[in-house]
């Protein structure tokens, strides 16, 4: 809904949404210039939990930095670790055994489902429905239990190693994952009935916050934000890495460009992730999980290396500039939500505050990941 | 004269006690119900089934200091929660729970209840304005526009029932429905009106009750994910407690009205036990539906809410009114 | 006109479907664990803070090589050892874990070649004082042996 | 192919015969070592081995040519991935690195670099072309002290608003 009202210069007031506000999911602050319920202008202020991960990367050795990546995004930590290990393996020329690659893909996809489940719950809670969050958390808990049994932690996994994995998965995990897939499919049906079909939900999201393709391109949006605007962009397909070319999955693309499209993309992504997990479990080869020969000290040759991966929140890029020593010379983390969030300022102009906050929910924000 | 006055005072005291007890235990029921829907246990530590939770919460709220934000309008700030509670209690006075249990039956009972219900919006406006908080202000503006928008279809639907009954006396309305279950106003065929649209009027009235009492999915005044806590953002201690009680008391009033107007009041389908129990049973079933709805649906938008009222409920209820008037004229 | 009414009709149906789902959930058993009254056992690979492993004599396995100290990204391990007269190996005299800075990454356990440290299963860690999280692992080992 | 198109577009910016490597660069360890020890690279366009470096085109331009280069990418519908800096303290230079990529399946990652003196780190802003560069430039500004000329709102983004230090410079001591 755009504002049809012509404003006088002194008719607005500043509404400070955040840093502590129920809709911002963390310490994010948006200074909104409001005219009644309409937003005239907005300025996002970030950096409240900035931890300077990039500087830490310059002072820590490669293995010591492993655990930092999972601290970036507490909901989809595996995807970020994946990007990190891939870029270092690429730079240092470390071979990864096939089994390890498959397990990585399974873990990343499980984590993606967990992350999207939490997003789904939190998003519906933003819109005022509380129960779906609880149902989503029940399913997510199942994934976390499963992953905890393998990795030893529930959120900030430090599971991937250069060349392989920290430890192998066992039969318990495989059978639990196999049980999980039909269970999750059933739950998804329930969510569609309870939430997607709901008329109130539809009315709140349909046509809200249209993002054009051009705008996505100018801001470098990725993930469901781009795919909801009709851009068929998924790093797993566009620049296949790891074992993703082995899997048969679709990239959901919606052309409506509104918040409902973004919602639909993520809901469908969960189904696609389940497909990947299923295939991964079927194809899982035997073998070692760490390469036979692996350099004791990782010293990638000088040069710069870039690796993009598709995390739960979008295209995460990591640029490694090495000078041949045991610490990186420069490590740039390109976080997807940073670009997605940047859209908000421009896109929310003229919206009502309810719609703007629903739009913010559809961006799937994880603040530590923006602030790094 | 003095006897009547005494009657009214006793009635008011009972009403306050009833409202407070209801508010306290409806909170408990809501928390337990929500928990069951979400597959949690809910409050279950204090007392059997957590039944001591509401009084303990009450003690906690009363023991807290009432903070008044700097720059707030003190008089209005303190008046607002009282105003939220007061009309609800006054409305109880005229509600007949059974043939004999009524504090003061009036032949314009409906009018009085609606007059008091309109005051609810004022308390929200006071609270939002006096808090000196932008969120509270926005919330109160929303709440008032909502109250205005939903009073209209609610009144039109009520007029439909009044036309059928030919009286504004709540007792009289119930008496006309008491012949059998099929004479309840919600059922079209045998009822007093033969009006096939009556189930829809019931739905309209029920929706309006939800909106008038600021309940989900129409809780735009509170809208915790957008406006923090809406009009009571700045309230703590018993100020907040009174708003809370007022909200639940309003729910009870709204449900009482629905029961009386559409569900035959205390008239009993089978006559197993006295009428008042039937009344309470119907009342609490309706309130359970309120809770059930709240924990199922997301919130509407403010324009969605106003569209629903002005584009759907008001035309439909107006049509219903004309239709009913026509039927009464014909038969 | 038809669209108007069909929208109302479909909307109402969707609302009733949603209510049906929550109604069904209402009668399902609860899934939560009421924590202080019942607890779950931690899984085998659970990564708590580290503890020293003892050998058969009750002495720590640690030979004070200092690999864990160097592997730690946050520098939260400090250890010291001395070589008693006439012994070949160093003996651990101090092993302090500053848990306030530990991020439970497990680098120390992985770097250890002598099976000297392991993860504990402790998760009930809460205190109002910072000093409570500076663990003297050697003292903890002795406490366990008591 | 978009790769050739982009490359020829970018090459047009260097009219005089620059030492442009046309073949895909062979990267062996010695080569890299040589590169590292060599003088800073001259401006020009280099095609990189995607499987080694993760990007296809590497263009180093002077700050004056930056807007032109970015405009070429904008015309070809690239999206902006990120902007960052690298502090080459030994060469007394700062490098600003712009990453671009594409939404379609014609994958082509382009890196544009520009080198500036550490003493006077000023480059033109590209916010006029890519609105999304706004935050990236602010971030680079606060981390490296690089000034983006013409930027509409160059205040610290992630650091506190009164931060006057640049933590990613190599001579920064906390």
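Every chain is named by a letter (A, B, C and D) in the order it is written, and numbering of its residues begins at 1.
We adopt the following convention: a contact is a pair of C-beta atoms (placed from the backbone, for glycine too) under 8 Å apart; a residue touches a chain by one contact, two chains touch by 3 or more.
Predicted, not measured: the structure shown is a model, and the values here were computed from it.
**Student:** Give me the set of chains touching chain A intersected with the set touching chain B.
**Tutor:** C
**Student:** So, comparing each chain's Cα centre against the centre of all protein Cα atoms, which one is closest?
**Tutor:** Going by the distance between chain centres and the overall C-alpha centre, it is A.
**Student:** Looking at every pair of chains, which has the largest contact count?
**Tutor:** Summing C-beta contacts for every pairing gives the maximum at A-D.
**Student:** Averaging each chain's C-alpha atoms to get its centre, pick out the one most distant from chain B.
**Tutor:** Of all the other chains, the one whose centre lies farthest from chain B is D.
**Student:** Nearest whole angstrom, what separates the Cα centre of chain B from the Cα centre of chain C?
**Tutor:** The computed centroid separation for chain B versus chain C comes out at 50 Å.
**Student:** Quick one: chain B and chain D, Cα centre-to-centre, how many Å?
**Tutor:** 64
**Student:** Would you mind pulling out the distance in Å between where the CA atoms of chain C average out and where those of chain D do?
**Tutor:** That pair's centroid distance is 42 Å.
**Student:** Using mean CA coordinates as chain centres, what's the chain A-chain D distance in Å?
**Tutor:** Once rounded, the distance between the two centres reads 26 Å.
**Student:** List, in ascending order, every residue of chain A touching at least 2 other chains.
**Tutor:** 131, 135, 138, 194-195, 198, 200
**Student:** Would you give the residues of chain B that are in contact with at least 2 other chains, written as numbers and ranges?
**Tutor:** Answer for chain B, listing residues that touch two or more other chains: 37-40, 295-297.
**Student:** Can you pull out the residues of chain D that are in contact with at least two other chains?
**Tutor:** Chain D, residues with two or more chain partners: not present.
**Student:** Between which chains does touch occur?
**Tutor:** Result of the pairwise touch check is A-B, A-C, A-D, B-C.
**Student:** Show which residues of chain C lie in contact with chain A when the two form their complex.
**Tutor:** Against chain A, chain C makes touches at 7, 10-12, 14-15, 17-18, 21-22, 25, 31, 43-47, 71-73, 103-107, 110, 119.
**Student:** Can you tell me which positions in chain D touch chain A when the two form their complex?
**Tutor:** 27, 29, 32-33, 35-36, 51-55, 77-82, 84, 86-87, 97, 99, 101-105, 107, 109, 111, 130-132, 134-135, 143, 156-160, 167-168
**Student:** Chain A touches which residues of chain B in the complex?
**Tutor:** It comes out as residues 34, 37-40, 134-135, 138, 141-142, 216-217, 219, 223-226, 228, 295-304.
**Student:** Under the stated contact criterion, what part of chain B meets chain C in this complex?
**Tutor:** Residues in contact with chain C: 33, 35-41, 44, 203, 292-293, 295-297, 312.
**Student:** Quick one: which bits of chain A touch chain B in the complex? Just the residue numbers, please.
**Tutor:** These residues of chain A touch chain B: 1, 13, 15, 21-23, 34, 36-37, 124-131, 134-135, 138, 194-195, 198, 200-201, 203-204, 352-355, 357.
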